[in-house]
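Each structure below is given as structure tokens.
What follows is subunit A paired twice: with subunit B in the first complex and subunit C in the second.
Let's turn to the complex of A and B:
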């Protein structure tokens, strides 16, 4: 057991981000190497952490050696032990993917610094053992994502501004909820809260605080009525940024909701006082169907993928909230899948734009015959997004439906099936455009894009298939180690 | 006005701090939604953040208490001391708020250089063209 492993995993990207401007003074070209090196070692350390958690059970890390009542603690258990390696590897692939597009001197320093800050913020949310730390790290990651979106200039600036306004509102709501909890329990530590909350069930303060926190996190994870900031921010963000943001930011906010619902507020609280899980699963059902409808009506490729991501957030919420282990495992499995698929979709859209300058779906027919590798990857990802058997997406949806049937929550079943059909619909729209034309349009060049882009898209597409093949053992891992108490 | 409503009203009036919090929070929210000027939106955002800080301080405020330093350690009387934790948390929240304001002002400057205006309507019209 390495005692300082959680702190090390957080400090690596953080220290690298702080030192990045200094490194760039020595040589600007070192930035990329440093970032990749840090992210790779972070991924390796997270796999070690995951292995140790599975082997020896969850462990608590008191920061600076102060135990919980006085100090802050970080907790590594099965859930975040499983998600940390995914976060680190996706960040790694995303940065490597983006390396050909990040070339100019000053922007490069900003980009790598901000990406590392984003990753360290997200790591902090995953590891935090108390509610206030989650707020701080939410803001660390959110501030760097506003700046990352704004890096593109032009229309991205106003989308970044709106993202900032809404994101800060979400954080304020969350903090307000934390204040309610603190006012009645006198603690912020999740384990202590879970002990003290059941005795004050009847308190309206607890319910009000919980709802405030859920609204705040709902804005952060773009659950449907609160998703307004997401499409613009992801569409106008630089190509180097949107795969990272789409894969990580909303998923980690969703993780915070899962933590809150299952680890802080124990089941009896939400069961007796108000059917919160049921309501959330209905919200998820609405989110997934509305998101899929909105995706179906888009003309811009990246905007369609952004709405697809919103729709899949609803799917995960449904899975997590059907309130039995099968659905929970399905939801977490789908969360991992969705992170990979979102990264891949935005990477593909970015690559199509990088090599052919296409961002409208109507122009997609021009890439047929010119980008066979990318098209293969797109087909694999589409198979997983729709949920056709060998892919990871299928097994995620399968377990979500099984869980919903177990809980006899038929609305969720209907919503998953409906969202699947609509997903099929918008991918048919894309493929019809690509393969529908009889004659391939002449002109244009055989251009796939640079090597890092091609390889990372291949890796992402391959890993969704791999997740599908290994789904049994991953689900088993979640069921054995990541379930709440 | 019946007696129950009057009583509720009296309870509300006894908590002027919470009333202030609600007014400031909603006022900030209204400014963020209703005004087209980006700087005004930021002012609204800052009001919301400040109101949440005010909420925390209100919860932890105590009259006639002092800083939590034990002089003689044989007897601890909690009513004599202020809980320092919410204040410390709010220091962090203020720092977060300042950082957010810094990023947002930088974005606003960039928007102004790009579009020559701070009015959201004008900016949206320009970016659609």
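Let's turn to the complex of A and C:
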């Protein structure tokens, strides 16, 4: 069974997704149990895969038994071996969190089917060993996220349509780039491309292809000038959907960029002949500062968190693009952290909306005294978002800054510090509303929200602290196993 | 709900053509093993014949309920496909490696032949049911699905 793990991890959610409409014919209430069961077993298998990769080195899985340059290959190495368990566990927590808010009837079947399809698409992107398969699974995950955003109806449909147009544009750009690469090399396999590309890198076809792919993936991961689709989509999406989308979709697109930059176009080449990494780190610096400024000016809680996510995408891009192992490890570590923090932020915003009907920051003073545990979790997440020592966020930023100093890229250092101050600014804005006004607490009822929501928010907040405490060993894991060659 | 076409000519020609179209669809599906054709094209032709039948003879009452139940199962085709691949996993090979299909008494090349054919049948079912469900949803988006 062990050598087939990559296929099994993908097939579990996929088979469950396509059989979900049939299961719902028997009994609609089984959908939730089936989804949770599948996601839990997927998480267990991914942890086993991660252990295997760390112990015995990367997996290469030729689908249908055809060897790589001709056939389709799935690769599980240190990088995706580390990210797969995070993806599966976050999907588990997200689905469990959402279980009280999922409407009955037809919507329930749609929700669980689409979530499983989304997860299998993202798994496919992580495992794909060739560029075209990344495109296929980008589309699988994107199509299900458009539908998930639109599930709420009303205004969500407009933002889902906008997301659809921009997302399809991004995927088309990416496909165009893949076409350019295929035209000059005749191969799509990443390892094969990495051997053939260096000799023809002066070719304009390769350079335009690379730029097309980066623009396409930039739209998918909402890098700042290309982020227009994200805030509306996440704000109007149902509460059950936005934690999942915010945690997973943009991060996996960023993973695809990392794969492309370091595993396909080899590192020495982009370091020396094209200033691509330097350029990307500048883009990341702009993204993180602009995103944080935009977050500071928002009045809606979820919109502020959406811009916070955009700002942190820039931070991760800077980390992976400073071109040394320290920065790379910091970036990947921050990616894991950011996935958890985004899930937690949208989960908290969703629960505040579910229990008290509040979505404006101005109304937040009403929850003081009513949701003590949620506020504690929010404070923990804020500590991690700002980057105060015991939390995971601090260590991520710390290693990114160390890497930038090592590369003497002082713009990045300035951008990280600036973004940190702005992050402090927008959390002060939230906490000032909650704790600032000394009006008496009305009523004695504590309304925290249903149990699954409370527990999953607690788990998410706890795991950011845990990541901070375990940061040394996680960073060592990344440095030892997940670095490009 | 789709009403039946009221022209006698259309109904008579439909009655003659639909079985022929379906036969041709099955032929294309099977011929895919030797030349141009296969699951997708065969599925499109089968789906077209079903859509044609609904347009000519209408869809109401019991049949409407049955059809709307059937299109809930548009994942069955994919399940057949994934199931054949999964059987290869059980047989000890990679996903979709038909040489390891656990069929007793049948050798390598024949196993590949059968494996690919079963996967193509899955694709054909999926394409046909998807075509049907697109048309039904466009025809009447307010009716119960």
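FYI, the second predicted complex is superposed on the first by the 477 of 485 C-alpha atoms of A that agree within 3 Å, B and C clash if a C-alpha of one lies under 4 Å from a C-alpha of the other, contacts with A are read in each partner's own complex, and residues count from 1 in each chain.
The rule is short, and it goes like this: a contact is a pair of C-beta atoms (placed from the backbone, for glycine too) under 8 Å apart; a residue touches a chain by one contact, two chains touch by 3 or more.
Keep in mind the model is a prediction, meaning the values are calculated, not measured.
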item	value
Contacts of A:224 with subunit B and subunit C, given as first, second, both or neither	neither
Subunit B versus subunit C as contact partner of A:345, first or second or both or neither	neither
First, second, both or neither for A:98, with subunit B first and subunit C second	neither
First, second, both or neither for A:321, with subunit B first and subunit C second	neither
Which superposed partner A:213 touches (first subunit B, second subunit C, both, neither)	neither
Touched partner set for A:21, first subunit B, second subunit C, both or neither	second
Partner, of subunit C and subunit B, that touches more residues belonging to subunit A	B
Touching partner for A:4 - first (subunit B), second (subunit C), both, neither	second
Contacts of A:364 with subunit B and subunit C, given as first, second, both or neither	neither
Sites on subunit B touched by subunit A in the complex	25, 29, 32, 38, 41-42, 45, 48-49, 52, 55-56, 59, 83, 86, 89, 92-93, 96, 99-100, 103-104, 107-108, 110-111, 114-115, 120, 123-124, 127
In the complex with subunit B, residue positions of subunit A that touch it	132, 135-136, 139, 143, 146-147, 150, 153-155, 157-158, 160-161, 164-165, 168-169, 171-172, 175-176, 179, 182-183, 186, 188
Footprint of subunit C on subunit A - complex, ascending	4, 7-8, 11, 14-15, 17-22, 24-25, 61-65, 106
Residues of subunit C defined as touching subunit A within the complex	69, 72-76, 78-79, 82, 85-86, 89, 93-99, 145
